[in-house]
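Structure record follows, encoded as structure tokens.
A, B, C, D, E and F label the chains in the order they appear, each numbered from 1.
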């Protein structure tokens, strides 16, 4: 094979769909020349379960559980956004106590999700100690969830018009205690990350996203905030208890992976601030935790929630029965992942892993290799054929070596 | 010296090194776990792993070059064992030959080459990425490692025989006691870290990036052989370093053995600390580190050694 | 300007790790007791469940199976809870009309080799319409309704018959309804549909 | 009981296959590795290639896009291996049974040795489940 | 020239099996608009407006409520436990009329081509449904309109008391 | 709040066919299919709104595509509604204006069968590549079987 043809057949390094340490199967084909990435292709759908469609056959109340199971990390964000959407459609307000409880759950989730991210990012960097530590610090948060909601994940707390369970007064000191301990730990982690020269070498200036990129891809959440785009649904379109408490939106300017890490770590402190204020507000009081919703009239509603990974968006249309006729869900990763196209190209494979992780998507590795025939501009569909092709290629590389 | 003696020492080294190596690897795993607030595996873990691997089915990928695929782990194993034998026995008797340190150096590079050969024989592209990294890594750490050897050799009176290096140290104290010695030792530790594939230089097997890398297609006993090689290397490498910088060890007296073990443990603890407080480096950063800083340092060390510091 | 302390904190934490007790649980060597509210395997409470089937209706995962079967003149309703399909949301417990009929236990160790080992089922005797044979409801459910609405229930002949049965009062209403259904047949055990027909039968006749 | 099985029991290398899950089960699997549960104390480690694996931990409904891949992974795994279905999704399809993308459940695609229902199962439940398999291994 | 209306002979559903009626309102799976229509008719006309409302009192969730004398079921709250059906002395609430997930009938407005009948009418074999103009119905007894598009024939107890809808 | 409607009206002029103000944070505009490119250009580029997502919906006599845009400072979501032909749903692709919209357009193409003219890569994205032609899972007819 001559040189020209060879160039057209770049090695495709697949990332996904299975990886031991990753959550969701997604597939990224990295088109590489040597260690350099020249293009990225995102193939989703390994996780596609047709939730939008299933939602049309379920009762309003059952949909909460369905959307909760869109994702395990943001497992309260989707019900949150969904309930916001229906409440927007209904035009009702939720009782105050329920609003505080909602915020507490949402922020606790942000805490555990950000810690999880720190751990996974550490793992991608081969920094397993950080991985273990961060996950260890995360454990008490999950225990708190187990105590107040009955499960470590998938809390089943949200309900249209309120929350399903109250936070008992005797549990509040437990939450306080966990927060107190966590604060020191996160301070330690933050300090460690900020000061580590090796981390700085690995992360600074890697995977930079400019404001322009953010706008073009519509990226949200910490990804956008790390690039200096100040968007946060909790502030912009206040809901639940967020307008009632004191906190600020964290932004940084550089848009590289390092900044994303910083934004996430600092957000943890804001979350803790919000939680303790909410706890103050409900401690020792009693109150309604759900508003009565008898009918959902026909119409449409939009609900948003700032999930740990960014804005989570639900569009609901009802025809007056007790099932949605259309339920459009947009998870934050859906708009964050395409930013890879901007941030990965020109980087090395080793960096891609952490860039992808920097967005905090749900992504995995271990697929075998596929070869794209760029010349024909056509994807070779047969998987086995791709494998064979790639093996031929390897064979050739080997002989050349 | 007879062929029988060599053969016997070879077998002994093989057995003792693999057992000690597995224990050392256990210490590594256990300490790592403890440092991460975990319990960690029981002491027999690595033996269990190995025995289990023997019992497993060995799959040879259809597209693989079967001979190379099978031969390379064996090759690696034999090479490391020979290296171990030289370090432990041959060098300290009159059987030692003048350039044995250099031979050991080359033998210690063979396992990496075996991984490269095996990986490329498996015909997997993720493995290919792994090999290319392993190769760069090998090229990377070999140069500083040579520097480390040269420093020690110069310090001990320009000899490349392990025996005389050790002898020199027995008379004049450890080479570590000098400026150039410290430099050489640091380089040696980092290079060995790379050789053993420990973080921050584990990029050839980087799970998060290329899922196991070069060994991705290996299974069963062949994988077990690789593990065994690594276990032996886990002893042979540090021993080599001890011989070069820490005044070697002696098997003739109890104190000699104990001090040898202590020296070994010192190096092991260094490994574990470095490995657990650092993220994995990128290949280009690794190369920059090895070829840039460490090599410069190495040359500086050589100069210092020549000057006599 | 903050002082940079690279690696110091990590080393401190690492040393702390080595010299402190591991964080790891003792499970499985020691028993693990989940918190009180833990949502584990749902189980029926044989004394309290009345067999209304609401849990079957509300389950978002359709993890509860309801089988009504009529075999040689006895009708039974079997409610089967499939842990393999359950998502442990607790909806069945929340919505159970008796509040305690089905409860999420704190059992978490429900791994199985064969699904049959984990199924939890409960059987109920059903009352069927004497005219058309459709299912009216389970016996216990009828009693539960009667208890709940008290005197109001006496307007409902089926509930009344149920009461007489529980009180073991002998009545002569046992004989089967014969076609066409009449207003007088209202006092027998008939389903809502037949009752409605009976009610309007006069009117129909006139027409 | 022969020594091979004994060694196998003490050294289970697990590989994690996710076939369309909500990733919560996957996270809980990962959680098993972390200090709180630390399955390494039983000699279990997560490996990056199915060739190295003794246990396949499968989660998710195995949607239609994943079916082929899950089969492929199973084929590549060196036998003997244990397949564990983790989570209600893998055991039966859970909430998503009726969806148009449902390709599973897992036992329709590859033989499953043990099922651990839960949504997600507690890490304790997973450990207990694996202990059960170990008892069954002979 | 009058407009065609959906004519429902409610009491016919009681005596004859009504299986196989399909609906063309396809916004939900398994939608059968005629059930929700029948539920509405049941509560509007067939209900006897009992003094003490056994149905409302029995409902364990509070899904039933009377609004201006008419019983109304909240579709969101109802869990379909069938308790109300057991409590009603007059057989107004049939079990199949109170499902957990409800359907919707929009009387096929705007969806019918010229000369076409709604799918439910086409698939109804017992003559309980038809799509005709009001003038065409000969027998005007017990005929009540719901909205502009639906006509019901139902034995309405209430008119004997002089109560009209 | 008022001013968003004002600005929209001023910029889009009579291209707005209908304006529905659900509440002061949710605004729905209806425009014609042919104006979609102009309108999104104005909203996305000139008014600097953030692209959120697009949702496709099947109605009885039409397809509906809603493009949601966020005005973050005001916390308002503006949804632009267009109706497409039921028989031959087709609309211009907006990929050259909003690069990020490419994936959702692909998704609508495969799940709803809406054709986006000018889209550079209309390939399967969520479903497997050999998904049966003409089977659009989000269409309502799929309930029939």
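Operating definition for what follows: a residue touches a chain if its C-beta (ideal position, glycine included) is under 8 Å from a C-beta of that chain, and two chains touch if they have at least 3 such contacts.
Small disclaimer: the values here were computed from a predicted structure and weren't measured.
The chains that touch both subunit A and subunit B are C, D. The chains touching subunit D as well as subunit E are A, C, F. Fewest steps needed to get from subunit B to subunit C, stepping only to touching chains, is 1. Contact count check for C-E and A-E (C-beta pairs in contact): higher for C-E. The greatest centre-to-centre gap from subunit B, using C-alpha centroids, is found for E. Taking the mean of each chain's C-alpha atoms as its centre, the chain lying closest to the overall protein C-alpha centroid is A.
Per-chain CA centroids place subunit B at a distance of 35 Å from subunit D. Separating the centre of subunit B from that of subunit F, both taken as means of CA atoms, is a distance of 61 Å.
Once the centre of each chain is set as its mean CA position, subunit C and subunit D turn out to be 32 Å apart. Multi-chain contact residues, meaning those touching two or more other chains, occur in subunit F at positions 126-128, 137.
Residues of subunit D in contact with two or more other chains: 34-36, 38, 41, 47-49, 65, 94-95, 100-101, 119, 122.
Shared interface positions of subunit B, i.e. residues touching 2 or more other chains, are given as 33, 35-39, 207, 211, 276-277. Chain pairs recorded as touching, per the definition above, are A-B, A-C, A-D, A-E, A-F, B-C, B-D, C-D, C-E, D-F, E-F.
In the complex of the two chains, the subunit C residues touching subunit D come out as 22-25, 27-28, 32, 34, 60-63, 82-89, 108-113, 115, 118. By the touch criterion stated above, subunit B contacts subunit D in their complex at residues 29, 33, 36-42, 44-45, 47-52, 54-59, 205, 207, 211-212, 215-220, 223. The touching residues of subunit A, when paired with subunit C in their complex, are 58-59, 61-62, 65-66, 69, 129, 133, 136, 139, 146-151, 154, 156, 164-165, 188, 191-192, 195-197. Interface residues of subunit D facing subunit F in the complex, by the touch rule stated above, are 64-65, 100-101.
Across the interface of their complex, subunit A is touched by residues 15-28, 30-31, 34-36, 46-50, 60-61, 63, 65-66, 68-69, 72-73, 94-96, 98-102, 119-120, 122 of subunit D.
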